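Heads up, the next two complexes both have subunit A, just with different partners, subunit B and then subunit C.
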Partner chain A sequence: MPLAIYIGRRLVFLVVALFGVSLITFVVTRVLPGNPAYLIVGVQADESTVEAVIERLGLDRPIVEQYGHYMRQLFTGDLGDSWRTKNPVTTDIGVRWPATIELASMAAIMAVAWSVPFGVISALRRRSLSDRLANVVSGIGVSVPEFWLGIILLLVFAFNLGFAPAPIGRTLGVVPPDVTGLYTLDSVIAGDWGALRSALAQLILPALTLAITTGAPLLRVTRGFMRETMSSHHIRSARALGIPERSIVLRHAVPNVLLPVSTMAAMMYGYLLGGTVLVEFVFAWPGIGKYAIDSINASDYAPVLAAVLLSACSYIIVYLIMDILHFIIDPRTRT
Partner chain B sequence: MSVVSPRASGSTAPPARRRSIAGVRPVHLLVAVATMVVLVVALVWDGEWRVLRVVLTVLAIIVAPAVWDPQRRVIRPATGVMVALILLALIGPLFTRDPLMLNVGESLATPGSDIWFGTDQHGRDIFARVIHGARLDLGVGFSAAALAVIVGMPLGALAVLRGGLFDSVLLRISESFQAFPTLLLALGIVAAVGPSIPILIFIIAIVNVPVYLRLTRSAVAPIVNADFVLAARCAGQRELTILLRHILPNVRQVVLAQFSVNVAWAIQILAALSFVGLGVPVPTPEWGAMVRGGYEQMVYGRWWVALFPGLAILFAVLTLNQLSDRVRHTT
Partner chain C sequence: MSAADVPEVSIPDAGDPVAPESGAVPVLDVFDLTVGFGSAAKRAVRRSIPLQGIHLQVGAGERMALVGESGSGKSLTAAAVLGLLPDGAEVIRGSIRLDGEELIGAPERRLRDLRGGRMAIMFQNPRASLNPVLTVGGQIAEVIRVHGDAGRRESWTQAVDLLSEMGIPDAARRAKDYVHQYSGGMAQRAALAMALSCRPDLLIADEPTTGLDATLQQQVLELVVEQVTSRDASLLLITHDIAVARSHCERTTVMYAGRVMESGPTASVTGSPKNPYTSALLKAFGTVDQRRMYAIGGVVPTLIGELGECAFADRCPLAAPECREGVPDLRSVGDRRVACVKA
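Now for the complex of A and B:
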């Protein structure tokens, strides 16, 4: 199948999935019990204010008509206004999205950096020290609640040892000139190493927290696939041919493992884009997750919906990109 | 996983294991009686969270006999710890101090020999609150996962049996559901509906239904046209009977492994929701909410307020994950 057709088909799936996502968001807010008007004006509002909001939102009209209206708004990029910040939600999100992307990307890089090599090494010999260690680490990493881990890391590294600064936003130093919105990348572009240090210092602990919890399942998957590959026929043949162990592992086994592992890593990254909520909250990281929670606590509903919608969409898109990359890299998917 | 339908005519069912008196092993009987006695006491004694305690009680009675491995004649460690945890959640609260009692004079006491885990900012005994929290967290976790199984499993099986449009619509919906980050979706729903324990159980169940739907679907698909199903159909059994007696029992093991993981997830979601202030109402002892209380104390170096409830979450979730690994490996 040619690449163009493949991408076309995937894009159709994408549209279907995005449609599903929007439908779920709609159902969650409109069909479940609870009146969205109260979420907007607060419970203490008098009758006439509530009536006005109901009329403005069109909540008194038939559900199908409401859905049409909602879809029209989505298509025009109108996600409503936040009454807490007094801005359109899209503006607020534009400011905060880079912070989440920066955190998620850093966490993903760190997670892959520790878990994939560890997974490969621990798979080489069963019941070896590294295998046992991998068991313990992945078991705890999968089970530990990330908000608690974040607190413990803060307690140890920021408050007791003083290695890291207190969690007060994205940087203590100057904010680098805005190019990408990612402070670390922007300070590299501006060549401002002081700003980079300051931004990294703030980023390291929240990224580490996420890297531990998301790296653990990646470690398990890598080890599983690596074990399977190492006991496959082509590795046995390579051994029979007298190829050195080092070369067997690096040239014959690892490339086969990287394919499924990269899918898993992409899923992890897609998950991270919407899954940084708790860590952002713990470290006062001004991203989408903190925005959502602050809005919920202020009964400001439009931003919450937007955050939910945004992270679901980014998950789907990351997954799509990964699929297309696979199609290009791996000849077996082209049949 | 071997595919068997012991009740189908002509199937290759393994011969029934030899049992002792009247099909009941003495070990089972002993365990069951002991559990019953303990649990009846727990149910009658004390008044709060009756429904959750009933769920935990039923669960303990189901799980307890599985603690003993009859073939290898040993106690299964993960199952044993799990049962111990459930029992602790059920009867532990009867022996601790009052988890709600305020004692400003003793606020933020460090852990010591008489106050094992120290006290929080209101002088409440953290040990008592952790034990009481077990009942709530485990109870909500199990109830939510059970609800998700009850809805998701038949839907998944039905999707395969019906096929066609029904199947693809269900599949697309569940795919879209899985694109949502679980926690954000749960947050969004709680914010719309408002938190209370039944609603939390319901929401955690909703976000987990697609998992079971897909799992059951993929496990049922290869056996839906197996010989024993065809035989049952030829014998004129109704579709529902075939589903319940011949197909679903084959999926049991996979679902059981997933169930255990799912309870762990549910506990994590509940704790996370409470941590950000959208879970259980304030004075209720719940692990996530307690960690939140400790979060504010951490700046002053008071580590014990957040440490112990967090360890409790870690321990419970770790046990459930280990249990799931065991179940999966015995298939």
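Now for the complex of A and C:
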């Protein structure tokens, strides 16, 4: 029963948080300079045409009324229309979010795969080779800007070495039949290895860029928790009773570290799922981040709001799922 | 940390300046143990030497208390015995023998077999000494498996039996619990079960009851003594409270600033102390029921380099010029050994 209460409380929090996020974003987009009416009628249009459009869109109404209208729409699952693409926002997002999910998932898997084991190993001995290497790598990873790293990787691997294809979208091969919307997964489902290879080839560099920049802080956190655990009383006790070092690390220390580290990884994944503007931009990746930035540039309110809400939503939901998992896995929550 | 890179290790053989207190080979024989922090290569740099020639013997089946203020080096002595000195610490000289076997310079593999097998330790704060994400029974069973050839099921059964011997009700079920589900007293019992799981010859208990309330403290100490006695093991009970030593151990060693001040039968050490430091400790802790708020003036010094005088001279009410002429030797005086020129 405590689990149900816990989840209930979290869901209430989710609703409140989304309400807050929507309100803030709504106000910010409305007070930002840039008039969408010009986008619709063109800059050459005369005053009266512009005014007519403003009135039709309801932009002359008090902001509270506009927000109330938006929220009423939201509850019917309507995120409004994009003035730029002329599509309902839900349609646009339905096309673009799988691209972001695919990139985010790949990046998260790669980030966890390199940074967590590295963090664990580098924590075992201070000033060891792996510890120093971890300093250098995480130092670079946290200080290098994403877009710069993306461009460098592109220059080296795509243009100089020719290992990776040019950054033009999600695949240069056939698009596999749509099941999940994730090209890699769909090609596996269809058993089309050629399609899988071309989807992976497009995915690898942007995913690597994100895996480096998000893996670096994860490495630091893992190493920090691992160091702390290795100097804890229960590890000292286990050593004092002759438990071999291998078991000390893998059985006694690592599970203690995985609990907090997985929370951090989940937060990172939630963040990635909201769209990574700069990397999607550099690699022309047709995801939510790129959609959001294009919409901002066009003063296209509805998609921006939707992208922010989606981002907040995915963050909170991933976090919630991880919390529930911990609740089930961590013995300390059982009583 | 190992003694191998120390230039001259003077490990004395027969004819020690301090003769064994009894004829038989002691379970634990610590001789002139000197431990320093800071590498030997940088000896020119100020180097702290928190243990300066510890002598300590625990006979078979004997219960020895190691008493001294916080910071006097009791835990470090225990760590040295287990071969688990903290990073940066190394044995400068001396010898540690367990059942006659030299531990200083022994290979790590051998030490690991001895730890938990022939010597075991339980620490203060048992809750923190047990792993929060492993079951209590699982942790005990692992120690049993590591030191013997019991399989998973057998070691589990033994772990459950141990827990129930330690007085944990419904042990078969409680073995599957995690430490946060245990009360303080039960966690202490579990830690004791884990330490005794492989029938060690020597149990070191480092402040096992500090932080527990008086009733619980008494119960736990009685249990430790009872279990150690029934297993014919020896006990090295580390405590800052000389009253605890008096009620549970037949012999007492008093330590101060990395040295042994006085050692002998508890009754005579606490009954007629020959070292002013022992008197001061007795005054500070008195007996369990009439505890007075008396503190020894001053603090335990941090030992930089080796001392050239009695470490207690600065705080000693009886200090005289001759106390500063050299470090007093640990001499045999009657039924005990005392390091005080006035004894």
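The rule we apply is simple: the second predicted complex is superposed on the first by the 305 of 335 C-alpha atoms of A that agree within 3 Å, B and C clash if a C-alpha of one lies under 4 Å from a C-alpha of the other, contacts with A are read in each partner's own complex, and residues count from 1 in each chain.
Definition applied: a residue touches a chain if its C-beta (ideal position, glycine included) is under 8 Å from a C-beta of that chain, and two chains touch if they have at least 3 such contacts.
All values reported here derive from a predicted model rather than from experimental measurement.
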When subunit B and subunit C are modelled together on subunit A, clash or fit: fit
Looking at the overlay, does A:G119 come into contact with subunit B only (first), subunit C only (second), both, or neither? neither
Does subunit B (first) or subunit C (second) touch A:L241, or do both, or does neither? second
Among the partners subunit B and subunit C, which is in contact with a greater number of residues of subunit A? B
Could you say whether A:N256 touches subunit B, subunit C, both of them, or neither, answering first, second, both or neither? second
Of the two partner chains, subunit B (first) and subunit C (second), which one does A:V304 touch, if any: first, second, both, or neither? first
Which holds for A:G275: it touches subunit B only (first), subunit C only (second), both, or neither? first
On the A-aligned overlay, A:P176 touches which partner chain: subunit B = first, subunit C = second, or both, or neither? neither
For A:G215, decide between first (touching subunit B), second (touching subunit C), both and neither. neither
With both complexes overlaid on chain A, does A:P206 touch subunit B (first), subunit C (second), both or neither? neither
Does the superposition put A:G141 against subunit B (first), subunit C (second), both, or neither? neither
Subunit B and subunit C, minimum CA distance [Å, superposed model]: 16
Overlap of subunit C and subunit B interfaces on subunit A (superposed complexes): none
Could you please specify the touching residues of subunit C with respect to subunit A in the complex? 82, 84, 87, 112-117, 120-121, 123, 125, 128-135, 139, 142-143, 146-147, 178, 180-181, 191, 194-195
Contact set on subunit A toward subunit B in their complex: 16-17, 20-21, 23-25, 28-29, 32-34, 36, 39, 139-140, 142-145, 147-148, 151-152, 154-155, 159-160, 271, 274-275, 277-278, 281-282, 289, 292-293, 296-297, 299, 301, 304-305, 307-308, 311-313, 315-316, 319
For the subunit B and subunit A complex, residues of the former touching the latter: 172-173, 175-177, 179-181, 183-185, 187-194, 264, 268, 271-272, 275-278, 288, 291, 294-295, 298-299, 301, 303, 306-307, 310, 313-314, 317-318, 321-322
Sort out for me which residues of subunit A touch subunit C in the complex. 126, 232-234, 236-244, 247, 251-252, 255-256, 259, 330-332, 334-335
